[in-house]
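Quick one: structure below, then a few questions.
Chain nomenclature is as follows: A, B and C, assigned in order of appearance, with residue numbering initiated at 1 for each chain independently.
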Amino acid sequence: MILPLAVRDLVLRFGQANVLNGLSFDLGGSGCTMIMGPNGSGKSLLLKLLHGLMTPSGGRIEWGGRAPRDVTARQALVFQKPVLLRRSVAANIDFVLRARGKDRDRRDALLEHVGLGHKASQPARLLSGGEAQRLALARALATDPEVLLLDEPTASLDPASVVAIEGIVADARARGVRVIFVTHDIGQARRMADDVLFLQRGRIAEHTPAAAFFHAPQSQAARDYLNGRIVV
Amino acid sequence: MGEAVTLALQLVLSGDPDLLEIVLLSLRVSLTATVLACLIGLPIGSLVAIGRFPGRNAVLIVMNALMGLPPVVVGLLVYLHLSRSGPLGFLGLLYTPTAMIIAQTLLIAPIVAALSRQVLEDLHAEYSEQFRSLCLTRVQAVEALLWDARYSLLTVGLAGFGRAVAEVGAVIIVGGNIDHLTRVMTTAIALETSKGDLALALALGIILLVIALGVNAAVQSVRMTATRQAYV
Amino acid sequence: MQIKAFGAATIATLLTGGAWAQEQSIIVQSTTSTANSGLYDHLLPMFENETGIKVNVVAVGTGQAIKNAENCDGDVLLVHARSAEEAFVEAGYGTERMDLMYNDFVIVGPEDDPAGVGGMEDVRAALSKIAGEGALFASRGDDSGTNRKEMALWAETGIDPSAASGDWYRETGSGMGATLNAGIGMGAYVMTDRATWISFENKQDYEIQVQGDADMFNQYGVIPVSPERCPSVNAEAAQTFADWLVSDEGQDAIAAYTVADQQLFFPNASSD
């Protein structure tokens, strides 16, 4: 297990500006953490730092005592805009299974699981937004991650696609995968979250269990956000 | 001009064996050179595309500059090496199709390297974060880039082939334009021009153009199929 | 992977390419005039039939032909620049030089003959007149046999045409055919060997203006490249070819070659 996660005084600087400004938080071994906050508050950068794709300017991140870079392979990140290979749907999964030394017979089951079995031989880049995102999820699951990082995977998808993706994620979570999920969709957060980490301008405005967050948010920023008021 | 077109048609329709021999040698030399140039140029292009190493900018500049290498200079360099009094003279390759293949390979390898570098770097910009997330090895990443860029690289190969099949400066020096041995389309055109038989020279030029059109059309149709599948 | 299969096929092609040149064959480093006039197409099938030796002709300017032969990139040298040929043998690059045949140089010019040299025999006088009139003159300027001959003639007129280079004197730096094309294109006089001129197909309104001077004589020589200097040469086959050219049979064959009913080369090997 690479959990729990401990983040201490995390700073990320671009030039003079601190885009992440001293984050400290802990995440336990199971469940689904939703990261929320206005645009530009640093959610995507935080996910990349947790995943080991970027190096912090200060502070530290430890996954069960290990640096993110050493555990990248034990996590999977689904980007907001999935980057799919210029190949068929099936070949996209085959590629990951082969690259990561996984059992290649799992491909069909994975595609069925995300509802893309009938699209296996189609060019991946002609999939609709929802289908593409499901393929990206299947690819992430193909690596058997212990932690699933999701960066607004349902933004700009129709309601049916959102439900489908939430179902797949819930299923993974039920099988013990730790989920860290960035979203702007308050309804989605309500449905999925065990706890909420609310970011504002590179700082943690609050980190509370879901029930408390939606019932009585402690920070003014979260209250405004939930009430649909503009927060910057 | 009209005379040349008539003559070109006559030559082709009569199945002139000398013409066939020259055309086939042109294709054999330039296609082989293209394949070899790809074997040399693609690894170099990939290396520079995804590598970050000191002196990379200098390599880039040199690579791009070498694209403009004059064929006669390449021919001369190869001649000096393959000449009996040169370091590789013992191989006895001067005035053989092999010498012509070597010269054209050296002529177009920089083109393949420089153009493929551009193609692969653009694709890498799109894929690199996803690849790092999937923890691909460098070799796996390059393999995937080469495969996904295959249709664009086909065009790169075509650019190299076009340059090879159209050049006269290098092959005439190292091949010697020997009848039935090293005479190709371009050297035959140069010869007929120097004999003042401009109509025949132009007729050969027209045939060369038609061959080039044919090769381009074939590649284009492959590319169009690929574009339809969003594989480009 | 596919790439590996590609590579194997390529290497196979390369090897067969190398094997192609393996039959009994020689390379002749030749001046262009003999090649462009079609003489070899006439001679070589006879020789090849008789001896089974394949003759590959590399046709370049005399200067480059000599240079290539000095680099051991030929088995036989066939050019027309007597003193350079003798120097070649003197330096040990060739076994012996044999007179082979001759034709002559002519000066061709446009029909309207701007310098008024038409019909002149005295080539020096004609050159002086062209220079005096400032009429365009296209020179090969490529150190070929023809070019060397032209420069020698200029030297005897006391005129240094290179002083007017780019003005009325135009050096193309190319072969005979290219220089004729260029000269005809710009309306310049051109000195060419008669064989090239007769078989040249882009004459337009050009005609021979100056001919008949004894000093316009153009002697061709043949030299086998020395195996002592160049161990890689096929000395035996080279000698066979040179000997055949100067034999009665070869000489008759040269005399028999005509273009437009005109004999292009006049055999004059000494029969010793």
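Convention: contacts are C-beta pairs under 8 Å (C-beta built on N, C-alpha and C of every residue); 3 or more make two chains touch, one makes a residue touch a chain.
Labels paired with UniProt names: A = Tungstate transport system ATP-binding protein; B = Tungstate transport system permease protein; C = Tungstate transport system substrate-binding protein.
Computed from a predicted model, the values in this text were never measured in an experiment.
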| item | value |
| --- | --- |
| Touch-based graph of the chains, sorted into line, ring, star, complete or other | line |
| Chain whose average C-alpha position is farthest from subunit B's own | A |
| Mean-CA-position distance for subunit B and subunit A (Å) | 47 |
| Centre-of-Cα separation between subunit C and subunit A, whole angstrom | 78 |
| Inter-chain centre distance, subunit B versus subunit C - centres from mean C-alpha coordinates, in Å | 32 |
| Subunit B, residues touching no fewer than two other chains | none |
| Contact set on subunit A toward subunit B in their complex | 48, 51, 53, 72-73, 76-77, 79, 83, 85-87, 95-96, 99-100, 123-126, 143 |
| Complex contact set, residues of subunit B against subunit A | 126-127, 129-130, 132-136, 140, 144, 147-148, 229-232 |
| Of all residues in subunit B, those that touch subunit C in their complex | 28, 32, 35-36, 39, 83-86, 89-90, 92-98, 101, 176-179, 181, 191, 193-199 |
| Touching residues on subunit C, where the partner in the complex is subunit B | 3, 6-7, 9-10, 13-14, 17-18, 20-21, 27, 32, 36, 41, 56-59, 68, 70-73, 175-178, 180-181, 199-203, 230, 232 |
